[in-house]
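The structures come next, written out as structure tokens.
Shared chain: chain A. Partners: chain B in the first complex, chain C in the second.
Moving on, here comes the complex of A and B:
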């Protein structure tokens, strides 16, 4: 059965890119563009992994992680941000991996595989 | 029963005691939205106008590092010119802003001003053996000089410049530091300087010193804010540029793979083109935000400016999808602002209102008097509104609730309003739209015959 990944990314072009590239890797991707929609999806579907951006309109990725930790501690989370500097924010340490956005998705794919034990 | 008075009186009472008037003018320099130079000129005007202390001429030295440099010298060059200036300044209803305008005209008209001659004079600001005039600043004492040509403590170069036997040196002190010095004389009327004149000029010196100190601090604070904004900008640039670059790179990678269907090729190329356009827009906006320098505010009629912005093709094109109402009180007063920036402010707020409002909604521009000296221009929309935390961040550079926004529009508007002594207020509730109120300093138009 395909592993389910929740992708939280407010940039529509990036959403589409990740969706296509990660689907090719054999994952079932649910993409949303903000934290509220992510929380709603988490109530409906059991995901195997979450990938989230940090800077988004409305609730940011760090606030989202804090809320997810209160709901489900067992889902691995990858932060995927354009900002290197958020790594220094201790709240991001709650995530299982921190990947800086890049046009090559190799690192992101490698981290997903690692966290899903593949 | 209560009576209300404005803290900043728009005009000065002609029959008020001259001391009160002088202090009123100088104390206003702390609040007026003009440059340090403009406000200093007003202080010098107050000291020299017929209805102020009544000195004929006033010059100011300012401390730059460890030097005391001659900056401005205000006063008539002849008895005739004195009569003319004092007549203008004694016009009933003249206020702070009119004095600023009068001074600007005077400074721009006279190429060979007294100020130009003063600018060459520089003294050490902390010298035990300093000669007059620097002597007063170095010792932090008021010095009244009579028979200057026979006084060895007076610097001869200075004496040649000022050309009078009697003058008064007032050190400008703030928090125990010297910030400058004012020198006053009666070169035209030759009236002796009285002990009351000395006392009153001393009080003015204290106030002027503290004004210079607070204005300098304010300038430093603005510089620091700008530096902090630049730091934030550098961080923000990474994000703003990286996102489109990642998309361009990612979709290009897909195109380079074999057997890409034509449909997908066209789609990817469209995305790549759009992201490149977005990059161009980001670079343009950043450059614009960094470059924009605001001009000194002047009074102007806002009605034609509002009509020009509302009637512009860009706004009209966007307004097609909305009901755009403009309700201006008849014969609006003049407002104090930079006209170019004012147009940009209004255009920005209208753009924001359209962005936040679904098609079919209403955007209303209103202009009305809040008080005899304040005009409100409000822009109201029936859009999605804002949450309370959003309202708190609104004026921080790079905060945005828009998908493609840069978060530079409202900080720019705030900067424009701060520069002209105006205010901006926001009222909004989620789902109930938003209203931005710009409050400008205003004055009624002079009635045309």
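Moving on, here comes the complex of A and C:
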């Protein structure tokens, strides 16, 4: 069965790119553009992994992670941000990996495989 | 009244004590004078029960029979999950034209001071503070075994304005493959003054401060806390050991307890006087002894470890950045007087 990944990314163009690239890898991607939509999806679907941006309109990615931790702590979370500097925020430690956005998705794919034990 | 320029003996840094705009502690209290509550504990990677969200601990003090990375600890040390510096031997420096660089090698650890999110260092029992200090010593010793690390810096940022990104009480340890510029300046300053005073400049400062008494905040058999003569910031404090020693790892077991007592006292007084302000606490000590004693064979005579506590009540702005001068609106004598009062 395909592993389910929740992608939280406010840039629609990036959402499409990630969906296309990660679907090719055999994952079932659900993409949402803000934290509220992500929390709603988490209530409906059991995901195997979450990828989230930090800077988003409304709740930011760290607030989203904090809320997810209150619900369940066992879903691996990858922060995917354009900003290296957020790594200095200890709240990002709630995530399992931090991948800085890049034109190549190789590192992101490698981290997904690692966290899903593939 | 005219302001006064004061010079810090060791660093040579000048400070403007702006007595004409002298303020009282109340001027620094947030309106409403209510201490900010710790942030709601939705999720905190440093809280007991969330050990799985930090990298595996490198050290902990814990109840016998409890496993590493599980609840049951009192002090816990973990590596930074996303470190700015990664352990390993630093390769030679690279040059790009006139510019130098090197790989970011080093150690970056977090000391989680206690499992309770709401208990700050100064709120802990003296014996627990002693344990935190003992853990600092143990980590310094362990890190300094690796001779690639020339300097081990221990510091604490309390509060957002002081640079803390998480309110759970913690300190940090960063070991660097070079001796930082400010540490070198302190060594050079102490070396210069040693030749003038024919003794450790810090010991001389401590003796003169105790004789004057006006800037003393607290003292016991082993330690003296005082407001430095050329304090840069309101309510700035420093804690000197009376027994001369260059290295924090030399502090003896009985001294650790009195240091914990001193810290608890001054942190509590700071909290009461200026309504629990954000602050930075910084350990000053000589570099890794295995290395520094080779470069400076008499460094143990000239360097004198001490703690610096800097409340964040004013902003460092253009004048300070441009000149290296600081403007302090509270004379240290006044600050010490407020901090002394029960």
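Convention: the second predicted complex is superposed on the first by the 118 of 118 C-alpha atoms of A that agree within 3 Å, B and C clash if a C-alpha of one lies under 4 Å from a C-alpha of the other, contacts with A are read in each partner's own complex, and residues count from 1 in each chain.
Basically, a contact is a pair of C-beta atoms (placed from the backbone, for glycine too) under 8 Å apart; a residue touches a chain by one contact, two chains touch by 3 or more.
Owing to the predicted nature of the structure, the values given are computational and were not obtained by experimental measurement.
When the two structures are aligned on the shared chain, A:94 is found in touch with chain C, with no touch to chain B.
Look at A:102: by the touch rule set out above, it reaches chain B but stays clear of chain C. Applying the stated contact rule after C-alpha superposition, one finds that A:66 touches chain C and leaves chain B untouched. With both structures placed on the common chain, the touch criterion links A:13 to chain B but leaves chain C unconnected. For chain A in complex with chain B, the residues that touch the partner chain are 10-14, 16-17, 20-21, 55, 57-58, 81-85, 101-105.
Against chain A, in their complex, chain C makes its touches with residues 42-43, 45-46, 50, 52-54, 81-82, 84, 110, 165-166, 170.
Of all the residues in chain A, the ones that touch chain C in their complex are 65-67, 69-70, 73, 87-94, 98.
Remark: chain B residues 235, 238-239, 242-254, 271, 274-275, 400-403 touch chain A in the complex.
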